[in-house]
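Okay, so chain A shows up in both of these, paired with chain B first and chain C after.
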Partner chain A sequence: MRSSHILGAVLGLPLLWLAPAAQADIAVIVHAANPVQQLTSRQVAELYLGRSRTFTSGQYAQVVDQGIDDPVRSRFFKDISGMSIGQVTAFWSRLKFTGQVQPPQNLDGDSAVLEFVRRNPGAIGYVSATTLADARVKTVLVLRE
Partner chain B sequence: MAEAPTQFRAHLKHKLAIRVTLGVFLFALVAGALNAWFVFNRQYSAARTLQDQLAATVRSSAAVAAFVKNEEIARDVVTGLMSHPMVAEARITADNGSTIYKSSRAQSEGAVEGTTVRYSLGSPVNATEVIGQLEIGLDEGYINAMALDSAIRQLVVLALQIGISALLLIVLFDFVVARPLNKVARRVEAVTPGSGERLEVPRGHADDEIGSLVHRSNLLLDTVQRTLQEERELRAKVEAMEEHYRRIFETTNVGIMVLDQHGSLINSNPALLSRIVGIRIDGMQEADSSKFIDTIFVEPAVVWSLIAKATASNRSTSEDCQLRTADGSERWVHCIISVVVGQKDQIELIEGVLYDVTDRKAAEDRARRHADHDALTGLRNRRGMEFFLDRSLRHAAEDGEELGVMLIDLDGFKAVNDTYGHEAGDQVLVGVAHRMLARVRRSSDLVARQGGDEFVVVATHCGPGDQALQELAADLVRALREPFPIAGGEIVQIGASIGIARYPTHGQTRHGLMAAADAAMYEAKRAGKNRYALAEPEKPIAG
Partner chain C sequence: MVRNRNIFPFLCAVGLALSAPVTMAEPAVEISGFFSIIGGKVLDGSLHGPMPDNEKVTCPCYIADYANFGVYDGAFSFAPESRIGLQAVAKLTDRLSVTAQVTARASNPQAQLQWAYATYVLSPEWDLQVGRKRIPLYFYSDFQDVGVVYPWVGLPPEIYGWEASNYNGVSVRKRTSVGDVYVNTSVFAGSEQLKDSRYMQSYGQQRTDIRWDRILGGDVELTKGALTVRAVAIRADTAFTDKDDAANDFGERMQAYGIAANLDLNHWFILSELASNARTNTSGPQTGLTITVPAVSLGMGYRSGAWTSFLNYSRYQELSSDATVLPDLDYRHVSLTVKYEVSPRSVIKAQVDRYWEPELPYSGAANVLRISYDRTF
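This part shows the complex of A and B:
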């Protein structure tokens, strides 16, 4: 895991540097084999805020999040739920203390997210649309700039 | 008398206490009811507010619980809500209506219905989207108990406040009003009416009602003193005057009597009874007192007519009246009668003033006797005879009776007078008078000495054709023919010629009768003396 972090950082850095000039769209992605073709932002929000645990197909959803301080994460939650990162953190902290529900796993960088989605058929994640060039994942929602 | 002020003060205080207590009680009743109503309203309104506040407090947590349908969070929220004693029930439901978590107090299950409020839970993602409900029900019993507790607490405070105020009022009243009043009352009691004593104004009350009361009481005392002083002086004057009059009343020789309309004695002075009437007051019996006039006067009718005259004329009337005396002696009083007439013209009082005129009356009687009687023989003289005859004629005319007059002239008297002297003549005249009186026995008849040796007999109540007159005349002639012994052992003889006239046969008047009798007497003389002659019948005589 540690090596993948370093790798992600190495691979991701130049991309990030390019990104600020023209902020890219955010693509919500699932495993290519996932029968879900399209998701609304509401559906995405319910998955990311723990309201839904499964896709419409009934398949258990493995939700991954970007790094805690990643700017894309802030944009993502703003777009799907209108909540700021602070609000999201507060929301989850309420749920976490019950001990039953855990927030989505945080992965640093698009490549780590991509890698996770590629490997897990039930996974869902989001990445910058510019970095997306993979046939093993499927874009189900594009959050436009 | 001595306890009265204490009673008064206690009374006033108690009165105030009772009224204040009653007032406080009524006020507390009304205020308590109003207050309870307010308290209940406020309590319920406060409960609603609290309900909303509680909901607002847990809303976001509840929303999260509903959003993720998390029972743990829901329980946490509900348990938190239930920790407030006012909350009877709390429930969080999801958007599909299923209950995520619910809790309620068993004992207040039924009381929740009306107070339950549903709060919509908005989605954390989109606040306008309802993703569940939060229901909070309140415990009415608890609210009521709280309200009641609050109401009672406030009522107690209110009652305490009023009670203390009332107590303070009563105590103050006692000190400020009752005690000074009581003090004044005691001083008023201590003051002797009419003395120079005056009330003091209790300290600190100079300018209030109590001061005014004292001031006015003092003015009243001034007036009382003045009035009493005047009355005392007046009474002294009246007493002096009374004493004066009493002394007059008691020491005067004039008898004073006050009688009622029936002639009963009401009052009299000592002179009347002891000196004038001659009886002692303690010896007088009730009956004597009640018929005083009838008891003391010989002729009560005279006094009653005086009273009647005085009543009619409304003036004093007076008359000499003879008093009845124990020893039969004559006693005369001059009696002045005044009558006090009441409003309905009835006699209220009879006042009589009596003074002894016995001596004067005796002198008068002597004078009258002297005028009417012959000093030598004691018989009536001409004047007395004429007075008697006039009266007898009036009576005879009124009663339709007859009356006889005899004119008696002595025969041979002048010779006795010339031979034996005047004293012998006088002795014969006295003897003639005695013999005539001895034969003219009827009290209604009269023997009089006309003058010189002429005598007159008036015989009343003579029947018509009565022989009694002639018999009497014959008897007189006989009697006077008898010899008279005179001083010096001598015996003289005289005679009498008598003329008889009758009323109304021989004359209607005294003059007529006397003239007829005179003519008859001369007839007897002419016929030879020592005889009697009747007047000429049916001979009208003028005068």
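This part shows the complex of A and C:
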């Protein structure tokens, strides 16, 4: 499929001019009182793909997601699971409509996610690292741009 | 089943209203759903089909959905497979929730309660569910209505053409990780009763009762990186009653097994499934007769950006222990699908199918064209 890569590169070249200069890191956050200090990408993926309900401490996790069409959501799932947002949607549709697990609640924007994590000791969310300056939440993983 | 209510238009309206992006804060009841608008026709062919002459269909024809009598013929139609489903989940406590899912079909616009069950989270890894659910028979069985999830316009009927798709009962599921392998396993038990099955109506028997009793099954799904493997085994005692002719009544002991292996290498992916079921007549005019039904589906796809192309081959056989009583059957089916992802929650697909039966008594072929728009909301 080399030809498709070349084609993609040629077609995508003009888009580079439109790309933002830099994207912010993504910070995965929990409540400040959560005993968990650090999580791996795989542990975060297990929570966000419904494969685990608890933190490593055994505490039940309240997982919150960004808005369904938020670009940061695409980056987040690509980073932790390698899946495109379309694949994530298909993955969750299967779990949701077969009653296995309900997907994380979607909240619109960093401030809503931050507020949720501040208020809920079992919460986990992710926000743009540039918006993060809050003693009431704790960063447990940073996904570099 | 909830019946005698034509709610297809109502559900479509609700579905469209809910398609608008909405974010609710900590909802007590979460409403979601899906729909598929599928149109198609038989382009040409000579296949009489495994179906007797039927006033509703002019053959050559193609049975896309056995359970709901979704049949295409030479006239373009949206009726055979279009459907909409609404799901409501009410979280009663941190551990207890109730879920209901209602579907309506263009071919059968009466509301069908596909799912209605309570879930109790026993522990972080164990769930108990009681109520009405889909039978998780083969890989796509329990989410066969959610077209966004799979690359076909419609699932290969060679594997997914069953008369019963639900059961009332209990299931226990465990989800855990062993090393870097994710393990998802369940056992389930229950029963099902179908009145005036559309599956049997496709064979000309209008007023029937089908019972699946003592359904008992289990499945295990293993995921490691790009590879997912699922195995399932199920058994049931089935009883068929023809209310118009008791001479057709019979009982069967059914056992089914399946294994699916899916490999997803980002651009390239492979979906494969091998299924086998055996039905032995335990009562009725053909007592002792065993029909063994091996079926296989093998597909390979390539996705690039929003586009996916997918080629699939499937085969269905019926091997009778006494061919003088019931002849063997052998159907084969090749499909080519192109999918475009309009958004993460909506896709457009176009699919051509070639379906053929090389042996008597139904020898012939049919070529089918279908297009679809699938969405979740």
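Simple rule for what comes next: the second predicted complex is superposed on the first by the 123 of 145 C-alpha atoms of A that agree within 3 Å, B and C clash if a C-alpha of one lies under 4 Å from a C-alpha of the other, contacts with A are read in each partner's own complex, and residues count from 1 in each chain.
The criterion applied here is as follows: a residue touches a chain if its C-beta (ideal position, glycine included) is under 8 Å from a C-beta of that chain, and two chains touch if they have at least 3 such contacts.
For clarity, every value in this text was computed on a predicted model and none was experimentally measured.
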Put the two structures on top of each other at chain A: do chain B and chain C fit, or clash? clash
Contact-wise, after the overlay, does A:51 reach chain B, chain C, both or neither (first, second, both, neither)? both
Using the touch definition from the top, say if A:81 reaches chain B (first), chain C (second), both or neither. first
After superposition on the shared chain, which partner residues are touched by A:108: those of chain B (first), chain C (second), both, or neither? second
Check whether A:32 is in contact with chain B, with chain C, with both or with neither, and answer first, second, both or neither. neither
Greater chain A contact set [chain C / chain B]: C
Looking at the overlay, does A:60 come into contact with chain B only (first), chain C only (second), both, or neither? second
Just chain B (first), just chain C (second), both, or neither: which does A:98 touch? both
Which of these chain B stretches, 76-84, 238-246, 382-390 or 454-462, gets into chain C when the structures are overlaid? 76-84
Between chain B and chain C, which residues of chain A are contacted by each of them? 42, 46, 51, 82, 94, 98-101
Please name which positions on chain A make contact with chain B in the complex. 42, 45-46, 49-51, 80-83, 87, 91, 94-95, 98-101
Of all residues in chain A, those that touch chain C in their complex: 1, 4, 8, 42, 46, 51-54, 58, 60, 67-69, 82, 85-86, 88-90, 93-94, 96-102, 105-108
Within the complex, chain A is touched by chain C residues 21, 23, 25-26, 30, 32, 34, 85, 87, 89, 94, 97, 99, 101, 115, 117, 119, 121, 124-125, 127, 129, 133-134, 136, 142-143, 145-146, 148-150, 173, 175, 177, 180, 182, 184, 266-267, 302, 304-306, 341, 343-345, 347, 376
Any idea which chain B residues touch chain A in the complex? 61, 64, 67-70, 72-73, 76, 124-126
